[in-house]
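I've put the structures underneath this note.
In what follows, chain A forms one complex with chain B and a second complex with chain C.
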Partner chain A sequence: MQRIHRVVLIALLIAIGSERALARPLTPAENKLKVVTTLGVLADFARAVGGDRVEVEALADPREDPHFVQPRPTLMKRAREADLFVELGMGLELWAQKVVEGSGNPRIQPGEPARVVASTGVTALELPRELSREWGDVHPYGNPHVWLDPLNAKDLAANIARGLEAVDAPHAVEYEANLKRFQEQLDDALFGADLVKEVGGKMLTRVARQGRLSAWLAEKGLTGKLGGWLARAAPLAGRPVVTFHKSWVYFAERFGLTIPIEIEEKPGIPPSARRRDSVVELMQARKLRTVLHEVFYATDAAEYLAKETGAHAVVVPIDVGGEGGPKDYFQLVELWLAKLLESESAAPPAK
Partner chain B sequence: MFQTLLAASFAAFPCAQDPSAAPRPTADGPARLEQLEKRLADLERQHSTEVEELRAELERLEQEAARARSKPPPQSASVFNPGITVFGNFLARTDDRPVFVDDDPSAERVDDRFLLREFELDFRAAIDPWADGVLIAAFGAETPGDFSAEVEEGYVLLKKLPLLDTAPAGLKLKVGRFRPALGRLNTIHLHDLPQPSYPRAVQTMLGAEGFVADGVAGQFFLPSPGADDVLEAHLALLDGGNLPIAGGQSASQLGKLARVQWFRDLAPGKDLAVGVSAWTSDTDHALYGLDATYRWKPAVAGEWRSFLVGLEAFQAELDDPALASSPAAFDVWSQVQLERNLYLGGRFDRAEDLADERLVTHTLGLYLTYYTTEFLRFRVGYEHTESDLDHLDGLDTGLFELNFVYGSHPTEPYWVNR
Partner chain C sequence: MNAFFQSMERPFVDCLLLAGILVYLGIHVLARKVIFVDLALAQIAALGSVWGALLGWDIHSDPWQIKAFSLAFTLLGAFVFTVTRMRDERVPHEALIGIAYAVALGATMLASAHLAHGAEEVSELLAGSILWVQWDAIAFAAALFAAVGVFHWTCRRRFFLISMHHGEADAKGVSLQLWDFLFYASLGFVVTSAVSIAGVLLVFSYLVIPAVVAMLFADRIGPRLAIGWSVGTLVSAIGCSLSYFEDLPSGPTIVACFGGFLVLAGLVHYVARSGAARGAALLRVGGGALAFTALAAGSFLLKKDEGHDVLHVLETGNKAERMLALAEIRADPELWTRARPLVPALLAKGEIEVRVALLDLIDARKDVTLLGAVHPLLADADDSVRDKALRCVRDLASKDSVPVLLAVAAKEEDEYLKVEFAETLLELGDARGLPVLLDVMETGEAAQARRDAWEHLHAHWTFELPYRPEAGSEENRAALAALRRAWNERGAALRSGPDGVFR
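Moving on, here comes the complex of A and B:
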């Protein structure tokens, strides 16, 4: 029994000693709340809402598939000191729970106020009617790529603000003000500042969510006043594009694109040669110009389609950060629109 | 209503209360007035359209609420049931000579067989805000149809320590029956291995199915210099039995295990883990382990390309005249991802016999693995063995393995990503 006591004592001493050694004096930068997010976009929203009061770090490499990030010990170490942990949820980052478990940080365990699921309350598309692996890598809570719609970005930021307020109540007013400013910037960017000034961002958001923005603007005689991303994306309305994975449904809905087919036969299932041929047939029949493709997937299939049909493979990131990548969410949406407009305005495929 | 609000706003305007405080007219007064009028008109328009829209929205929501009230609640108490997952593993083998259970010529033959080797039932759920519970029941067979059931793992994982706001050094405690962190591959279940079986080094030193023990284990961080380095320690107190090198030991004799692992992100997509482990018991037996794993998986197209190489070595110190004094064993293995679903792997094992360390067995294996998805895996392999033990020397074996997973187990990355 004495040996047990000795071993337990040594273990405790090591643990406490390690903790002391790791606990350095705080510098001004370290007095900030440490926010750890799974994705770069969430980090960007947290910076916008937290302002100078937060120090934010994203765990995933923005060039990496957010479904399959390796839950490495280095990520666990970063999460260990988090005051707030933000994940998107909806089953996108299954690795996040492993990181949290490995971190040994009790503050960010599920159900704690410092654990934020940013997609809470966001209306999901593609909720499966039947849950079966026969449908591939289906997400039980619906398609999780919600941040590709700027209107959802406002909700994600709001949930992050709720989390910051929960762990830092004395500065709640500041977070609310930052959130309001960020949401207004998003409204201006999406609808154009003049229209927002005239009608109000809330009203436009509500009507856009109901899918009747164009009709409503026409009814009110405001069609010509639409600006921002939606005005820029007007030439894309109704244009069909091919995508690799079902990542773009929210983006397509907001900007009026249609996605007649994905290269993947089912989510997460690589395309067979027969599948690729059927995509080629459809693209040729409908003279499709664009294959929209995330940067983290191998581009073989997209390049094959481009070669066979004369369409353009538009390979873009869907996250913020990284060397040479978009610095913030605004740049990310700008990039998507610029690349799509460039591809769609090019000459139609000759084949 | 808007007019009333407007009137109230003007009434509240300071000028109305104290005319002397009113600003004196300036040259830009008319322009300012015009601006204000325009702003007022904008606000009026915004307000009326909002009211109109809100009325419509209210009507829609009332209808929606009425519909929702007529439906039963979507969840029941069954949502608190644990997540259940089933793992199945089937193996077919062909050999050029008789092969016996545990390589013991007096045991039953297992060559040239189809064998449903294992079924695992995995139950897990949060117990309360402090702990998660895991129970993994395994049904295994060494010869066709001869199943035996055991609890492979059953433990409580304490995520938060009662009465403490923070966990010292990120301490996590595991209490129950589990696979102790003795080496790298021992913590991995059979169905997740990058080869069809545990390496001969693991089988010789830790047991045919690896080392499983009852006890208490703690894992915590040690100070490490930079953001790219992590030092972790595992300490465990275990019951003494269930390890081949401790064959004569009573389960009541305490086993102690310590492991320190250094992990480093070498560059984006490249990392290295090196671990040292030591196990001792109340008898004078001891087992030491060294392991290293290098992984490459690029961010871009990382689901299509990856490379792993690993090494694991063990040295035992045995204080038993019936056993060798310091037998050793090691294995080196690698796996290259050829495309999204196809992996080529190899393994070389060398193990000294626990009874006589001069008797050495080497095995070289090559494996080709194809995943339809992460839930279904086909693997073919070839193994050649050379040994100082006559019944193993020159043995050639062909293997076919089928592994499947179904249940609540989420979509998991492939082994290389775990």
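Moving on, here comes the complex of A and C:
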């Protein structure tokens, strides 16, 4: 009996040892920085900035609501091995801190250099408007869906680059170069390469942020040179669309859409009958064509509105990755524009 | 009123359907003492749909396949509840039902952890979406409920015998297991379909509360049904109206109305059954109501004090709080004089948005005393802060800014800002802005920046030269060299005229 025990014990030890060996192969991957991000888009930015030096993994599934992710043990395990942890911040991923705490990884605790809050310094929209007890209930830091504006994507990537430089100073030059290339790619994609060459991405960014891009272009006689996503989105300018959740304000601001009403009155609270009726009424009165809707919300409301008003439910992801989903941020923006243009160019509802 | 009917028509019709079938089933459920069986069945059905989704079917695009899965699971649940009913109730059936509920909920959560929409589906199941219900869903539910109703009507003797007098039925040799299974299966069908529209919370209320009220006041089936249906209809009407006119979410409002109605019914029952001591009972009820009201009102004394000191918030708050404080200060000149001593520190260390907002405020108040605190921001790391600081300096138009402007213009990397710095210098009557513009024209990367510099130079210095901003620096070398020479020779003597042109 004793001998059997010993044999079993030895077999177990061997099994554990070989499993260890399998789990930690001595490949070049060993030298790579492990970057763990909350969202798929942040992972995409980290890949662009980190290049070959990093191995990136996102915790959230792009098909689930980024506000509510179950902090599972596997997520904590991934965070335990992270050399850099990137979250968006602004109160979007309330689960992220639970994952970090559960990971027991001291390097990625709040305030440590390996903990990146990617939205730092990004100008928030919809900051609460009055100093009272209720102002902070939903988003005391403003609307957190900042990455839906490609200009903000540049800042998010920059913060990730800062983080990489902090934990891996010897390769700072490389990260900085990658960041610059990525930001230039975004500028080219947004404004068109010709215009960027003529004016410079920084100036275009500044003017666009001040909300006077088209006026400025007209003043300088450059209107015809505008290319990229903004040129493609020209037919959408001023178009009103209804959205389910308040996640599209940054996108709308950049591409000139207006959002006259959201289906949700307060984020996460089921709308009342009067809210529903005012949405229907407004959609009928203004013959709105589009209900913009994230993949992870129940579709009853969108289906109801489509049936009542003849509008289209445009159901899209807002994050990168997943099976059949957009592979990177560029594809994601392309997808939004293509779907919206398709819906908005269809005939207005007959009802 | 018309708008009300149009708006609440579908939810109300759906509520009536729910009341119609669930009140009846509720009487059975209460008699059998299996109150939570509906929750358990609904959860088992939900587990079925999640299981179907795990096997690759999509909850939205393959609704029938998903329904088939949840139906199969419901039948399985009915079977489990049938066979776990022990004759001697050694383990109470209610315990097993609770266990089934907990396990099914846990399993649903486990399964949905691997599913994209899992968490949303689970919460959707709880709250329901009676507001968005469409006629085809109502028609389907009506047909199903009618079928179950007809089935129960035809076999009513058996069903009531087993529910009310279990032992007697057993003695008569009725196949208990078969009829139990049929009961749970039909209840499962109804509950699953109802939950998909109205949510677990509402379905539970319709099933149990009217039946409880009916039990208080009647003993026979007929009167109980009559009372239950009346209560269901009345509360549906009250709940729907309240939800519409008070602008509240429908499902939770109806549930709250049921709760209130039950309390009222309970009190009426208490007083009515007190017989001779009715007066004392009334007194007790009145006293209780008074005490409750006092307690509820008293809790308002615990309301958090909302007073705040704007200056304190400005000093110690987070970004959002500071922005709000600044908005208040903007609206109140008196506050501004009190806040002014805090401004230099905030300009130096505040968040980007805070600094930009403060610069705006200084600009709007034309407060020259703070110019010294604004100057360092002309060299801030953030573009938007530099831009705003420049606008502020420009509007305050003080000669004190000249040395700072010269220093930052020499170091500025952004060509467009450099042009703006030069323009500000020129507006302040200092000709040393001209060579800054020349710098941009010579070395500017973007054609547009060179063009801007050229236009500004042209506006302030009448000089006819063949400089073409579109061309590369090579082609313009001669023109630029000539301009440089002219500046070196005569620059020091240039004075600004009243039209802003230097001569």
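Criterion: the second predicted complex is superposed on the first by the 316 of 351 C-alpha atoms of A that agree within 3 Å, B and C clash if a C-alpha of one lies under 4 Å from a C-alpha of the other, contacts with A are read in each partner's own complex, and residues count from 1 in each chain.
Here, a residue touches a chain if its C-beta (ideal position, glycine included) is under 8 Å from a C-beta of that chain, and two chains touch if they have at least 3 such contacts.
Bear in mind the structure is a predicted one, so any value in this text is a computation, not a measurement.
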### Query
Does the superposition put A:N105 against chain B (first), chain C (second), both, or neither?
first
### Task
Give one of first, second, both or neither to describe whether A:P73 is in contact with chain B, with chain C, with both, or with none.
first
### Message
With both complexes superposed on chain A, which partner does A:A301 reach: first (chain B), second (chain C), both or neither?
### Response
second
### Message
A:G91 in the overlay: touching chain B, chain C, both, or neither? Say first, second, both or neither.
### Response
first
### Task
Mind working out whether A:R206 is in touch with chain B, chain C, both or neither, as first, second, both or neither?
both
#### Entry: First, second, both or neither for A:A124, with chain B first and chain C second
second
### Task
Would you check which partner chain A:D52 touches, where first means chain B only, second means chain C only, and both and neither mean what they say?
neither
### Query
Thinking of the overlay built on chain A, is A:R276 touched by chain B (first), by chain C (second), by both, or by neither?
second
### Summary
So the chain A residues that chain B and chain C both touch are 61, 63-65, 68, 70, 72, 133, 136, 197-200, 202-203, 206, 220, 269-270, 295-299
### Query
Which positions of chain A touch chain B when the two form their complex?
3-4, 7-8, 11-12, 14-16, 18-19, 21-22, 61, 63-65, 67-68, 70, 72-74, 76-78, 80, 91, 94-95, 101-107, 109-112, 133, 136-137, 197-200, 202-203, 206-207, 220, 268-270, 295-299
### Task
Write out the stretch or stretches of chain C touching chain A in their complex.
3, 7-8, 11, 60, 109, 113, 116-121, 124, 127, 129, 131-134, 243-244, 247-251, 304, 306, 308, 310, 313, 318-321, 323-325, 327-328, 351-353, 382-384, 387, 414-416, 445-449, 451
## Note on the structure
In the complex, the residues of chain B that touch chain A are 42, 45-46, 49-50, 53, 57, 126, 129, 157, 159-161, 164-172, 218-224, 227-230, 232-233, 235, 237, 254, 256, 261, 263-265, 268-269, 271, 273, 282, 295, 297, 299-304, 340-341, 373, 375, 406, 410-413, 417-418
### Residues of chain A defined as touching chain C within the complex
61, 63-65, 68, 70, 72, 121, 123-124, 127-133, 135-136, 140-142, 197-200, 202-203, 206, 209, 220, 222, 269-277, 295-301, 303-304, 307, 322
